[in-house]
Amino acid sequence: MTEFGKVGIVVRNIARADAAAVERLGRHGVATVHEAQGRAGLLKPWMRPVWPRAAACGTAVTVLAHPGDNWMLHVAAEVIRPGDVVVVGVTTDNDDGMFGDLLATSYRSRGARGLIIDAGVRDACSLADMQFPVWSRAIHARGTVKATLGSVNVPVVCAGMLVNPGDVVVADDDGVVIVPRERAAAVGDAAEARERKEEATRKRLAAGELGLDIYGMREALAKAGLKYVD
Amino acid sequence: MTEFGKVGIVVRNIARADAAAVERLGRHGVATVHEAQGRAGLLKPWMRPVWPRAAACGTAVTVLAHPGDNWMLHVAAEVIRPGDVVVVGVTTDNDDGMFGDLLATSYRSRGARGLIIDAGVRDACSLADMQFPVWSRAIHARGTVKATLGSVNVPVVCAGMLVNPGDVVVADDDGVVIVPRERAAAVGDAAEARERKEEATRKRLAAGELGLDIYGMREALAKAGLKYVD
Amino acid sequence: MTEFGKVGIVVRNIARADAAAVERLGRHGVATVHEAQGRAGLLKPWMRPVWPRAAACGTAVTVLAHPGDNWMLHVAAEVIRPGDVVVVGVTTDNDDGMFGDLLATSYRSRGARGLIIDAGVRDACSLADMQFPVWSRAIHARGTVKATLGSVNVPVVCAGMLVNPGDVVVADDDGVVIVPRERAAAVGDAAEARERKEEATRKRLAAGELGLDIYGMREALAKAGLKYVD
Amino acid sequence: MTEFGKVGIVVRNIARADAAAVERLGRHGVATVHEAQGRAGLLKPWMRPVWPRAAACGTAVTVLAHPGDNWMLHVAAEVIRPGDVVVVGVTTDNDDGMFGDLLATSYRSRGARGLIIDAGVRDACSLADMQFPVWSRAIHARGTVKATLGSVNVPVVCAGMLVNPGDVVVADDDGVVIVPRERAAAVGDAAEARERKEEATRKRLAAGELGLDIYGMREALAKAGLKYVD
Amino acid sequence: MTEFGKVGIVVRNIARADAAAVERLGRHGVATVHEAQGRAGLLKPWMRPVWPRAAACGTAVTVLAHPGDNWMLHVAAEVIRPGDVVVVGVTTDNDDGMFGDLLATSYRSRGARGLIIDAGVRDACSLADMQFPVWSRAIHARGTVKATLGSVNVPVVCAGMLVNPGDVVVADDDGVVIVPRERAAAVGDAAEARERKEEATRKRLAAGELGLDIYGMREALAKAGLKYVD
Amino acid sequence: MTEFGKVGIVVRNIARADAAAVERLGRHGVATVHEAQGRAGLLKPWMRPVWPRAAACGTAVTVLAHPGDNWMLHVAAEVIRPGDVVVVGVTTDNDDGMFGDLLATSYRSRGARGLIIDAGVRDACSLADMQFPVWSRAIHARGTVKATLGSVNVPVVCAGMLVNPGDVVVADDDGVVIVPRERAAAVGDAAEARERKEEATRKRLAAGELGLDIYGMREALAKAGLKYVD
């Protein structure tokens, strides 16, 4: 694996998570996948979808960029393969609109399924019209320069989470979660098991049963000293 | 009334605001109710509805919880009565998703009309599909533990406002306002009077009359020294 | 031009940008206009539309107001002319709901095309129902007093940008941009040229061509030292 | 007790916590007092001392004020008694400098031991020179008006915590904690016991013993599944 | 005057406020100067001194810079004259350390009295050791590039305030205030008058008199409806 | 290397950066080290020293903890070796005071040189009195529970930066920078070279020479189109 955060490098060929495992993960929501891998892998809550009900699942092409500079996002287009989600970490907190409808058009034509960027984006209405899924920390028209080298497909931190090229990215209205490439199948299994269990619980709750009883919490609560008064 | 912020207690039976008064308050928006009780009772502006045009009105079941710990939200389900809105204060600022579609299913089956939580929630799309109204400070998939005791139905501070069990909660796209239980009827009267007056004003403004004239502001402005120049 | 930030003055008659130039600018999005005038003129990214897909273009009537005090917004109504957009700067950061459906009714009846306010607004649902376009830093029910003089039609700073009365205001889902009155026609020309060029680029990108080639970036990247590895 | 958040009232005489209990609490830091009353009573972490190593302990005179309006802070001066700490809640988040060296001079001459204000203050250097202890959310020169009624000595929320007139306020570099009036003596006892215990622990830790052993954590960690690897 | 926010220009010679007027303003604190010019001219409260008790007063050399790019700060050094304070506005919110001890050494050697920058700075300890006064929005080690043109001595917005080249800048622990060049002498007069008056008030307050009586507030409070209860 | 972010593991023995290389890096400030490794490795600017002029350099012992839960900080004490700096990443943004004077006493007795924690700390005055260097995102008295497993000496993200056990941590008033273990010596060389060069530049700048000339910027500025006007 290339060195974390190394600048000035484009890695053309990366190992990607198994396509079948990615498809299976894509059937679950972010909350389920996050639980299924032991409450890990989430990006910070400031990462929000640009349009309602956006959802995406794919393999990470990573980008390390500088604030207000989207040069590397153009470089990344060339290494996108169908099924990828581009994940952009930025060296400094920045809300500039580093991605818009032109890059979205390019990424889509290369087969990208979405973008995760710890900065701003613009052309929000066009992105919604195109139904190109984007998660960002801001929406802002501010344009960018193309002046400083970053990298493509090196490990990066995006919104507080380490992302390695080829990892699985799952994103929906609850945020974004990363599943390490090697764990994709195992987490998929766990997510399916969890969903089956939740479905059963949902029915019992809908019928008026209490979580206190379904999950057997009463004893632990009493032991912890909870007192009921009228 | 139980002591403010006391930990480790569940109060099963609380005095609730008069049901008829609650219904009347529910016919008005948050802005009107807030004005009608003398510009008081509002939660902080960071409390936002999870889905557009959500609206709720009911009697408060209060919860005191710890960051990243939703144990007490399960405990609260048992004391919900039809017409309640659950109001959750948290001891520390926290964006974890402490409430999702399973708890919403449970709360709805018990008759709850909504949730106000000074923390995060998850399963945002499902909450919208269920049309279960929720106001929160964040949307995030991060799950929670069940480890530390809080309380149910003690007075709490939620998003900067004191909430007593049984108070009226009115919430819409403009935020959340609390009406003390004893004042529900009086505030309902004032809200109706205000709305009638506003309706008349609205017609005059729509016809092109100026607020300066309708509200008789010109004299006060001149006295304060306002100068018009061409 | 009246002194920047001067308090206690209402300027009744202002020079407004040429109506035809305003119409032409209104055909372009905020991102395009911002680029067309050399990446200048944008308000801060915290200014967001109150309802999705709001868009507005008009000539600025400026207001200088105090936190939690909307007296001057009433004063401004009288000097609005058809085609204006009211732009409100506030002396201190404040999220109170200084504008709601009554003022919107009044402004619309006077011919206003929208409101830009570096504070909060309320009656968010009504504003959406009316399709009255508003950009603000917050949505909150908190009402305001009418106690302290500000000004109307003096130069103000709104969300970090200088706005002179009569300037062109263009706003959409990407934010808000100001075009100085004298530059309206020239920026309109540049915006049209830019849009034509972008349309051609969009087609090539959609066909799978790379920005690297369209924009001729490869040489500069190599010169900067970018290395490709497999 | 007067109604929470009621506007337009000054309560002249309030029951104050027992002076001896206040003195005892003042010997402990905020962290200790907070633990001693069951991890409750803390104001939000944004409340910071204006000058380093400020510390104060006294009985609360409460003020409810409006953003950018310090009228009620002048009203409060008259009801201060020696040993009081003035606690100011504001209806809206605001950073204006609502308190400076003149009010500090006045408060000190009336016997006040400090100020806790969920807004801004100014004359920061003078406050340090006077050694008048102040905790605030901001330091800013912005002056205020005197236009809108609030209250003095009604229950208020300050920085997320309910404060009743006469409660004990303890403040130092770790923040501000409120002890309800009736609990002052009991919390003082608990604080003393805690401090004795901590002193013994401190010596053992300084000698190189591990908290793992002193607090007997090893078994619980193993039970929870912690694994050691080399 | 050069056009607001124009990019790519350095104005070598600017009209500066009268030196004697600057000296007089420098004898007063920011709070006093701000009041003396009618509560106007303040930068946002996020602008804080890098070291305690820093104070500066001088004439503005303005810089328009891009985030993470301090090229223009080097350009500005050449046009500094003794008695200037450099004021830097940035096109996008940014915390990078755009100024450190080398530039401080250069600025001091040219006669600059301080720096006001709506971005980050670094070498905080060295700046304190040099006693070079700096106000910034952040302290951070992040270095910058030199890639994009801005301007020197065009009007800019810095931390929400319009600053024209040659204006007076007064800064201390309460923040930063701008006095327009033409108003320097008049504001100086007003500041002196205000300070004399405050000195007299301070003595009366220290003697235990109440602001209620000194400022004659009792009647207005009663008229507004304030009620005293025991 | 153990898996990133893995929960429930304590790695007792880690490879640490070469002691001599650590000492050499400790002679330089954070800004210099950050530049010397190509403008990489910095934690976010919200990480600030608890007391002025704190400085620390050592090898990282990493901790992964949960919000409001400092169990793992006790576990970490046992694996500290003289010369280590403890670096704590937290799964969710949190300001609770997870570290205070007791843990500082313990860490110091084990030979720790400081603490970097992306959460709050308390006993700020005692930490200053002990001269135990701490960088945190907040200071707050709020205590914590010991309920949920994290890990010690697995790779973590702290304040936006990946930290591997054994990496070098350099911290001062400008923030915190991480140097990967294998690069310690090379970055030390680069830092020394940089410092020598800066010292020479500093003398020339102090003598009044301009950076424009020393760095040879004039040609590039002219080429970029910068215009000088009088």
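Couple of notes before you dig in:
We just call them A, B, C, D, E and F in the order they show up, numbering each chain from 1.
Note that in this section a contact is a pair of C-beta atoms (placed from the backbone, for glycine too) under 8 Å apart; a residue touches a chain by one contact, two chains touch by 3 or more.
This is a predicted model, so every value here is computed, not measured.
Where touching is counted per the definition, the chains common to chain C and chain F are A, B, D, E.
Chain copies chain D and chain F are related through a rotation whose angle, from the C-alpha fit, is 120° to the nearest 5. Taking each chain's centre as the average of its CA atoms, chain A and chain F sit 27 Å apart. Inter-chain centre distance (chain B to chain F, centres taken as mean C-alpha positions): 42 Å. The centroid of the Cα atoms in chain E and the matching centroid in chain F are 32 Å apart. In chain B, the residues touching two or more other chains are 39, 91, 93, 95, 142, 148.
All chain pairs that touch, listed by label, are A-B, A-C, A-E, A-F, B-C, B-D, B-F, C-D, C-E, D-E, D-F, E-F.
Contact residues of chain E toward chain C in the complex are 3-5, 7, 38-41, 44, 91, 93, 155, 157, 160-162, 180. Against chain F, in their complex, chain E makes its touches with residues 2, 8-13, 71, 74-75, 77-78, 95, 97, 100-103, 105-106, 108-110, 120, 122-125, 138-143, 146, 148-149. Chain contact summary for the complex, chain E toward chain A: residues 66-68, 91-96, 142, 145, 147-148. The part of chain A that touches chain B in the complex is made up of residues 29-31, 34-35, 39, 42, 45, 48, 53, 172-175, 177, 198, 201-202, 205-208, 210-212, 215, 217, 220-221, 224-230.
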